[in-house]
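Below, chain A partners chain B and then partners chain C, in two separate complexes.
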Partner chain A sequence: MFSLSHAPILMVVTLLTAGFIVPLVRKHLLVAKALFLGAGLLVTILSFLVAGNVLENGTMVYNVGGWAAPHGIVLVVDAFAAYVSLVISVISLVIFWFAVFAPREVKYEAGYYALILLLTAAMHGIVMAGDIFNLFVFVEISSLAAVAIIAVKGTKESVEASFRYLILSALGSGGLLFSIALLFMVTGHLNMDFMRQTLAVTAGQYPLNVLTALAFMVVGLGVKSALFPLHIWLPDAHANAPTASSALLSGLVVKVYIVAFIRIAYMTLGMELFYLLPIRQILLVMASLAIVAGSVFAIVQDNIKRLLAFSTVVQVGYIFLGFSLLSARAVEGAVWHILIHAIMKTLLFLAVGVVIHQSGYKKISQLHGLGRRMPLTFACITLGALSMVGIPGTAGFISKLYLALGALDAGQAIFAGLILLSSLLSAVYYFPLIITAYFGHDASPTVSEPSIAVQLPLVVLSLAVLFYGLMPSVLLPLVRQTAALIMR
Partner chain B sequence: MLLIFQTPVLAVIIPLVLFAVIYLVERRSWRLRNALAVLAPLVSFLLLLSNYPRVIAGDFVFIEFPAILPPLGMSFSIDYLSLLVGLVVSLVWFLVTIYATEYMVKEHAKNRYYPFSTLTLAGTMGVILSGDLFTFFLFFELMSLSAYVLIVHEETPEAMRAGYRYLVLTIAGGLALFFATIAVFEIAGTVTFAPGGFIAEVSGLAILAFYAFLIGFGIKAGIVPLHVWLPEAHPVAPSPASALLSGVMLKTGVYGLMRVVFNVFGYEGIREAGLDNSMLVLAAITIFLGSAVAISQEDIKRRLAYSSVGQMGYILLGIGLLQERALIGAIFHIFAHATMKASLFLAAGAVIHKTGKRRVSDWTGLGKEMTVTMLVFTIAALSMIGIPPLVGFVSKWELALGSLDAGNWGFVLLLLLSSMMNFIYYFPLIQNTLFGKQQSTEGQARKSPELPWKMLAPMVVLALIILLIDLFPQNPALDLAKRAAGALFLGVH
Partner chain C sequence: MWLFWLFRRRCIKVNTMHDMVLEVVNRLLLPFIQLFGMYILFHGHLSPGGGFSGGAVIGASLILYSLTFRFARIKHRIDHDTSVFFEAAGALIYVAVGFVGLFFGYNFLTNRGVFPLGVPGQLWSSGMILIITLALGAKVSGTILSLFQELLEGGSDERGNP
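On to the complex of A and B.
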């Protein structure tokens, strides 16, 4: 009988294996596509099962090859991992579907699918890794795959952007590796659970090591998750990638590195550190800067995809802000925002990709009247944009609510003010998109809606935006458990 | 019975559902579309009316949905105040929509106007029937955002500019409300409106929250200096939408402020913290500037829009004085101004619809051509000036008495001054239109009726309300206003 205890490793293995088989069957594109989608679907089902199991029975620990920690490799699926992996698998399944049915943007389709599969496998791996070196390995796989799915478009800009991303990302990896080495020096362990226990004893003896490790990690994972001012690679990379890649990168990849950061800094090094070092203040300042500066940059963009990319910088700031406010509701808000931003940003990138493909327009000022030519697509964009602004009734409002409440709980009313200010600024950059699309003179009548198969992901994501906006209680238990775990 | 089938919820849900229905059927049949759009406010009105005996008997309706949007939840309620305001809103909406079915015939994009008018109605009813601050805020956003579509309806560059200004200020106001709401939640752990308020001690955060409320509601109600969007946005909208914006939607701002002052903070808390002074200062500035600037406006709709600013100042004054009689005046003025300003905008819209004349100076001699319309305009304008026994007089009377109760002569003088200014900007206009000579008639003495009945009837009904309601042995609106003010002051439902 199929035992659920193997499900975590199966998720990673399924995606990795599919990633290797898909290029082999590239001659039979239909088979490759079926395999690609099938792997995504299987992993989604598994992640639902795992999440249900974790909610019911608590954390699952899987010893790879039967070797227990500290010597063997373990996968740890706690509420946090189950939640994020659920987000990754569902959102990526939607993106898989889009990649298969959307008009072709890349030359080697099978190769592209393989890269996406590797990237997704690595993301699941990062989230579930129980030992810090495995985490690093998965971070490396995901970084390289992420660079590749930008360059795969083959245009001059995309190659340039991906090269810049590669260099900065490699610097980030170096920082991360160095900090892992420093932590290993102090603890003698790579397993995060054992590391935490040892650190409680030895951290006092080697304060400089821990401090340096933390600094390198903030920079290393900060670069990868595009925390301002380490975000400089992001706008070009996300704006010049193929549609499905942009959605994947903006919606999921940056967040996985945040998850990795939380895992190491909060859950391994321990919260006590935050009261000893000014790390919390540094993160708060960086997050605030991300929110303000990202918004200002976004306001001046006319290119839609660049606008969305800068908005991602802002949203990363939201998530870091929530985590560093350190009140229960703020952390819940940040955890919510991981899901909600994934939904809405994926929705927006996919929908905008559709618009660009159907009309050839890349700028907001060119969109005049397109809303009447492509009613469904623009209805989806409108919902996504309203959600980004945080209008009640959409999912974006929920995370805004929790983050703002959390800021007040933490006694930091100024950050609640900051969140609201950023909400206003996002109205300033998102609403012109909607307004120009619906009002003003008519667009050329040749523009039309894409096929239903392409619209399906957009509709599904839009419904998700509405659903979580009105009925957030469905996922609340998992979010609560996750936040409690982080705040432990 | 399921909670969702209770009156206050239905009065909100039905327009919301009709919004979707209209959107689906409008391509097939414009008749059905118009009928449904008229039906929505009528249903809300009748539902509320059916609750009139129950509420008068002292039965307070409260329905809660804590599971929606935790941790704050949603709730709906009907008390005297929301009953009165809800009845006024849905009645005016009903009349204006009948008018719109004829007025909008000449306009484009009708398939956009009706659904969004209905959606805005749903938002407005939700605001009025909400039982807590959070629900209030949710519907406030719905109302504000869907009203944007009504404002930019013409899609001219001016309309888009005015609309954008409206949108940015509305979002800012919404965020101020949002902040204030969660701050109240943080302080008290609840946001449900309670008789006599529920904030025990007015702390620093509470004061911050109060000012955030004042900003949020001030933007919506057009309180100077937050009124900047109003004189731009109201004139550019199609006339029925202007009537709704000025007549109805402005009121949600002051209505919210009443809830905050009496049902969240409690008027004693406000008085102890000295927060009433800021309201009084703003009210005085608003009354004076609104009326003064209206005098200089040539465009009739802009003049009416500025006049609305001044009139909102009256209501703010009535709240800020924290006196029962002043509050009666303020609540009654919600009703009075809704009927007056709606009929003025409808009459002005009728003139623009028929003749295209927007400039006040062009209106000379119109009275001969459009007798009924100008009579409606005259009655409403006289009421604005405050001639007894029209409704505008009643509210001014109560407000003046309230000022005296508060021992403040200055505000009585201000009210008189404002009446004087109202006189200056309405009376010459009336005189010109009724008795002036039309310049170039070119023998337009047509025998055709001046307007279709669908446009005339709503205006006439509104004018009759203005004219007659105070002649009833017991003015039902004033009665409700008295009960509402009494309840708010005694701290009972």
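On to the complex of A and C.
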């Protein structure tokens, strides 16, 4: 009865349903936790099945309610959607596990789980939506849930950070909605496929509309995905959220908006536009600024989580750089980086959260000798940091290699130099963390490792970092297909 | 209307500091407000309105009730847990209606062929749209009431509700 063709909608609906049931059973926390993890596991299995099916049989299209494309709501799972939703489901399952077993950080646990479930459902929805308005609806759900999982910590800083995020992200939503309205004016369609076909005819007649729509979209989704000059909400928000939220926001949420941007700007408006307008140059400049300025900001941070947050700004710059270089290998590098940065940053945020909880220290200068007290956790942090720098053998090397080669392919060697420079800079801001932890004098003899259940996600993610560093070929077909789809 | 009859006796007994005009006028008005909300809900597929507007009217009537007859009273009839329950149940019914189509071998949220469609223009028609409108009405009124109660309780109640 449930053939695989229903799997895309089931992924979204499972998470939504679990998100609505969990607050009902909040009195029985064990049931809530089981539901939370069970939903995550089920969606992960489904996303593996969907990815396998897409690789084998090509794009899956699901008509919700049985109504076909121009009038009905459709979910389109192409290689890109299958890849990103695979990344989302696997990484979020690890984070779900951490949220359940890690020490309590929030007051209302069941409510927190419900918010995380809604956020994850919305992320899957953004990735798979076939029409631009449903994409907007899911963007709204995920923005509000993302704001809420920061504020749920309840400290003064986190409420302030989430309020700032709320205002800026509402501005971003406004920009996105306006651009969707302008595109609808030109095309009369909301479905992305039909929009693309109509735009090929009408874009020339209404160039101003398309230009304005593109500008609003760059700003709207740029604010949400923290592209450099629009990133100001990110460091506070990601640094003051609960550990699991930080990992989720930094590892996945920011990237989902990049996916939304690629879907609309590249795959709906079409590549031709990029040769008519200087949008590509603007994105290149913004991405380069993100890489340089984010690194410089990160170097001066003493608060560990703020350092990681600024590092996220840098990595968003990488992804945009890859997508705007527009050579096959650069786009592949950016697609790789979506996965690899999700693994690395989730690993680092979770591990740092464990360290902060076990020791109470939030600053790098306080970590003296902790590496001896928490050997496994700091081994994971070291591995994550090495991968961030891009040492060969770790996953970070693969995506940086692809990006650098892509820059050379595009004939823009300066960006390969920029990637090298940025690797050096990230060594400058990550190594103090490791050096202080291992080589300082032993100042805190009472600190100990957390329980095994908490360490399990860290170990799994560390192994993933090594695995993709040594054997990147596992996901290569999906990445290749995705890049080909974007470059179409 | 039924809500009004349920509340009636309790109100008279408990209120010690009451404003006669406010109470009498509201006692007259509330049934009509709720009836109007129900009308919007049940005619969601026939006329302007539907789940959100009908639910908002009913939710607003419950807030009005609670403002008129002292804040504490509403807790005894429709407490925070109940409003949260309605909020979740509305959404769950929506999803369940979607799954019905799946069980009949069609796509998610299929209407034609799964639910009896009836004669267009009549009250009992449109298949699942009516069910969904009612479920959304429950969700919206529950949400509005629970937001109000959240503000009333200052966001911090000892029972650990979200």
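By our rule, the second predicted complex is superposed on the first by the 486 of 488 C-alpha atoms of A that agree within 3 Å, B and C clash if a C-alpha of one lies under 4 Å from a C-alpha of the other, contacts with A are read in each partner's own complex, and residues count from 1 in each chain.
Convention: a contact is a pair of C-beta atoms (placed from the backbone, for glycine too) under 8 Å apart; a residue touches a chain by one contact, two chains touch by 3 or more.
Every value quoted in this text rests on a predicted model; they were computed, and no experiment measured them.
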Could you say whether A:L456 touches chain B, chain C, both of them, or neither, answering first, second, both or neither?
neither
Which partner chains sit in contact with A:Y108 here, chain B, chain C, both or neither? Use first/second/both/neither.
second
Is A:L171 touching the first partner chain B, the second partner chain C, both, or neither of them?
neither
Across chain A, the partner (chain B or chain C) reaching more residues is B
Please work out whether A:V428 is in contact with chain B alone, chain C alone, both, or neither, and reply first, second, both or neither.
first
Please work out whether A:P23 is in contact with chain B alone, chain C alone, both, or neither, and reply first, second, both or neither.
second
Check whether A:G417 is in contact with chain B, with chain C, with both or with neither, and answer first, second, both or neither.
first
Applying the touch criterion given at the start, work out whether A:L470 contacts chain B, chain C, both or neither, answering first, second, both or neither.
first
Where on chain A does chain C make contact in their complex?
1-2, 6, 9-10, 13, 16-17, 20-21, 23-24, 26, 62-66, 107-108, 110-111, 114
Given the complex, residues on chain C that touch chain A span 84-85, 88, 91-92, 95, 98-99, 101-103, 105-112, 160-162
Under the touch definition given earlier, write down the residues of chain B that touch chain A in their complex.
67-72, 137-138, 141-142, 145, 152, 155, 160, 163-164, 167-168, 171-172, 175-176, 178-179, 182-183, 185-186, 205, 208
Quick one: which bits of chain A touch chain B in the complex? Just the residue numbers, please.
389, 391-393, 398, 400-401, 404-405, 408-409, 413, 416-417, 420-421, 423-424, 427-428, 431, 435, 439-440, 470-473, 476
